[in-house]
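Paired with chain B in one complex and with chain C in the other, chain A is shared by the two complexes that follow.
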Partner chain A sequence: MIMKQLFISEWQRLWNRKSTWISFMLIPLAIIIAIKHYIKIDALITPNSPKYVSCLNFPSVILGNESILFFDVIIILLIIMAVTSEYRKGEMRMVMLRSFSFSEIFKVKYLVTLSTVFLLLITNFILSSFLGYLALPKQEVKFPYYSNKFTINESMIYNIKYYVIAFLVLAAVVSVIMCISMMCKTTIGTLSASLAFILVSTILSEIISFLMDNTSQIYNILYFSFITRIQYIGVETLLAQTPQQVGIIFTSIAFHIIVFYLIAHSLFSDQDCYC
Partner chain B sequence: MKRLIASEFQRIFENRTNQILLVFYLGMIILMCIFRYISPQGSYDCVDYNVDLNRLNFSPFTFYEIRVELVYLILPILFISSINYEQSIGAFRMYVTRPYKKYEFIVSKWVALTITTFILMFIAFIIITIFGYLFMPNVSSVKFYEIQQEFSMSGALLYTVKFFITQFIIALCVLSISSIIGIVISNPILSILAVIAALAGLSLYIKFFEFLDKTTEYGFYVLSNTASMSFYITLISTLLGGLLVSIFLWQKKDYLY
Partner chain C sequence: MSSEKIAVKNVSKKIGKKTILENISFNVHEGDICGFIGPNGAGKTTMIRVITNLISPTEGEVTIDGANVVKERKTALLKLGAIVEEPIFFPYMSGRKNLQNLAMLNPAMSKSEQKEKVEEVLKIVDLQDRGSDKVKTYSLGMKQRLGIAQSLLNNPEVIILDEPANGLDPMGMRDLRELIFKLQKEEKITFFISSHLLDELQQLCNRFVVINKGKLIWQGSKDELESMGKSGRLEDAFIKLVSGC
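On to the complex of A and B.
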């Protein structure tokens, strides 16, 4: 009951910020830009090509291609505004005056960020289904790693599954960024460290896939231990006709969520907040 | 003015974030050198990797791997933390009270940041060249993009220096874009993200600004005299326009907070 009030107050503070509203406004913009881009691509290839985008696979394709850049950056923005910026400006003192423990405050911040990401994903799903249905060709297409074409119902189920797994991966990203924001005290430091994390994990996984033998088990473990790699390729391999590397990918996601959550939690509870 | 530049310079290098970014930059340079040492292939157009690397042409092709971190991460953070972040945390108040003209502050920031960018480029040049000379296979002459003549060792070194100078001038475009955005948007976090988004958006969707993403490609074009006139016009107008617009906006802006 007490936690609920804390949750509501955190929620209100989140939605009072302009940056949250800006990130919500950016979703339709990104979808419209993507639709323009895919109409251009579709004009060049036939519907049998796996790269063909119609309104059936548009929600999953747009999430797979933009989730790294767009949602990761929004998560970084939300967490910096909710944690580091409040800590620096002293707004957090107003909450700490009340009879809440540090661990409760941390849990609520985590939950609020997660629920905002959930809302963002739902908005993205609904808007992309709707706008894609209006603008893109309504043809049956092949999904990645499938041999047959999908009907509307099957593609709907596929897209929903895709969004659920993407939400799990984004929860792992939230944990990692939370942990980074606990370690760096300044806003600009947190931003640079999180952007560097995303960039370095992308580049390192590229290098590993370039240099190592693609069939060995160690390669798969290394390859999917990068959270950005799961966002790019992992979700598609999980939802393939014959799912591959299921154990590795889910272990990696769970490892990221739990370990970084615990580190961030202990850092937040230990740190000296009497600033 | 000279002392203002010196103080600006000190603040840039004593910032802890910038120091960590510098260490990160050195680490990335060495990592990319090792990566290119293991797979010695380079490409002119970033699509076909058809150039065999040796000690003379190692540095231009290895710089391609570093430009992503430099253009999209290190430079925007460096520029915004000097132009915008100081105002938002209040450190700017410490020296804005000194008797200087208002435009001198932004000009000194530009000079100090230009020197810093030059130092970053110089570090990359030195480390990559030394790495190439130490570890890569030895050859006596080498060819570069669409130039018939063979380059000897001194010629190749001169080519590399010119190449890095073009990269430095392209990197200054990031400064002009981020100084305009940093003055307009008051929140440092939003302005860094806006700079990165503007760089990506401009280079992807506007043909004239393609060089912001394909920096090394345009470096080769310039040195083989195949760069189009529109590239030079866009480059110079971005630099001059950025400087003039940011001086104008800086003088218009009210700092009575």
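On to the complex of A and C.
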């Protein structure tokens, strides 16, 4: 009950900010831009091409190709607003002076960020399904790592599974960025370090795939230890006709969620960091 | 219920190798308006952060109405209202919305009680008419009053104010003084106020705690402190205490 009140209070504050609403409003805009882009591409290729986008694969294609980076950036902004900015400006003191433990405050901030990401992701799914249905061809298409074309029902199930796994990966990103925000403490520091994390993860995983034998198990472990790789390739690998590297990918996601959450929680609960 | 509303026992605080507070002990009794004074950098804000459990003491303990702020944080803070450093609000929300948001954090109140409480405290600090305006449009004096309003949301028995008169004009200071007297008299609230505006504290407080370089150098009644200075002004006594002459 007490945690619920803290959650509602935190949720209200986050959604009272214009930036949160702007992020929300950007979703339909990004979807419309993507639809225009895919209509142009579809005009140049046949429905048999793996690059062909119809309303059936549009929700997962847009999330995998465009929206996931948008969500990473949104997570950074949400955490800067809910944690770093409130800490820097002293606003967080107003809550810390109430009869809640620091641990409860941290858990609620984590949950509110995660819930907001969930809401944005659901919105992205519903709008991309709806607008895609209105604007894109309704042809059956092949999904990545599948030999056959999908029916409407099959594609719906695939897209839902894609969003569920993407949400788990985004939960891992929330844990990492929370941890970065607790270490950096300044808005600029958190923003730079978080963007650097995404960039370096992407570059390092590319270097690994360039340097190593990509059939070895060590390669797979290293490759999917980067959360950005799971975002771009891992989800499709998991949902393939013959799923690959399931254990490695889920272990990596769980590792990121749990370990970075615990580090961030411990840093937040250390009262001497507010000296 | 304890007559010692705030009890500080042998509190030390070290940050890294630096000792900020050293073995400080004092009590604030029920109904007191206790002034907490010391030169800049004496450790006043650190002490207030320890009392409000924003940071933990390295040694010693602090109790509020008998509840240890570290071991029984929730119980101790239930009876406490505070402004630490300066009254900071969420500027993108109105004064009323800020208070409603914070009132929600009071587990003992129902939703309707929270609403009533917000209107009640807005009335006490005379901000009902500006309650719907965004906080970013408030003057410093209004923010201080809103700060006191938020500290009243949980029906506290103790209020801690850190430099509440900072930046206030004479009218603002008079209003604040009258508000504190009113709350002490009508709501029986005990105050612990840090400030460097000694004339202001002289008009407000009945007891004083003086620290310098992280150590307690004096505590006692206003009359005792005034009698230490030649002119009866607090400033003379304070300078005498701090300089050791």
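Following the convention adopted for this analysis, the second predicted complex is superposed on the first by the 269 of 275 C-alpha atoms of A that agree within 3 Å, B and C clash if a C-alpha of one lies under 4 Å from a C-alpha of the other, contacts with A are read in each partner's own complex, and residues count from 1 in each chain.
Keep this in mind: a contact is a pair of C-beta atoms (placed from the backbone, for glycine too) under 8 Å apart; a residue touches a chain by one contact, two chains touch by 3 or more.
Every value quoted in this text rests on a predicted model; they were computed, and no experiment measured them.
Visitor: Contacts for A:Thr186 in the overlay, against chain B (first) and chain C (second): which applies, first, second, both or neither?
Guide: first
Visitor: Is it chain B or chain C that touches the larger share of residues in chain A?
Guide: Result: the larger residue contact count on chain A belongs to C.
Visitor: For A:Lys138, select first, second, both or neither according to whether it touches chain B, chain C, the two together, or no partner.
Guide: Touch status of A:Lys138: no partner.
Visitor: Going by the contact rule set out at the top, does A:Arg93 touch chain B (first), chain C (second), both, or neither?
Guide: A:Arg93: touches chain C, not chain B.
Visitor: In the overlay, answer first, second, both or neither for which of chain B and chain C A:Arg13 touches.
Guide: In the superposition, A:Arg13 touches chain C alone.
Visitor: Have a look at where A:Gln5 lands relative to chain B and chain C in the superposition and call it first, second, both or neither.
Guide: The second partner, chain C, only.
Visitor: If you stack the two complexes on chain A, which partner ends up touching A:Val73: first (chain B), second (chain C), both, or neither?
Guide: First partner only, chain B.
Visitor: What part of chain A is in contact with chain C in the complex they form?
Guide: Touch list, chain A to chain C: 1-2, 5-6, 8-9, 12-13, 16-18, 89-91, 93-101, 271-272, 274-275.
Visitor: Which positions of chain B touch chain A when the two form their complex?
Guide: Against chain A, the touching part of chain B is residues 16-17, 20-21, 24, 28, 35, 38-39, 68-69, 72-73, 77, 80-81, 85, 187-190, 192-193, 196.
Visitor: Using the touch definition up top, name the residues of chain C that touch chain A in the complex.
Guide: 15, 46, 49, 52-56, 73-78, 80, 82, 84-86, 88-90, 92-93, 97, 101-102, 104-107, 150, 154
Visitor: Enumerate the contact residues on chain A facing chain B in the complex.
Guide: 19, 22, 73, 77, 80-81, 85, 186-189, 191-192, 195-196, 199-200, 203, 207, 210-211
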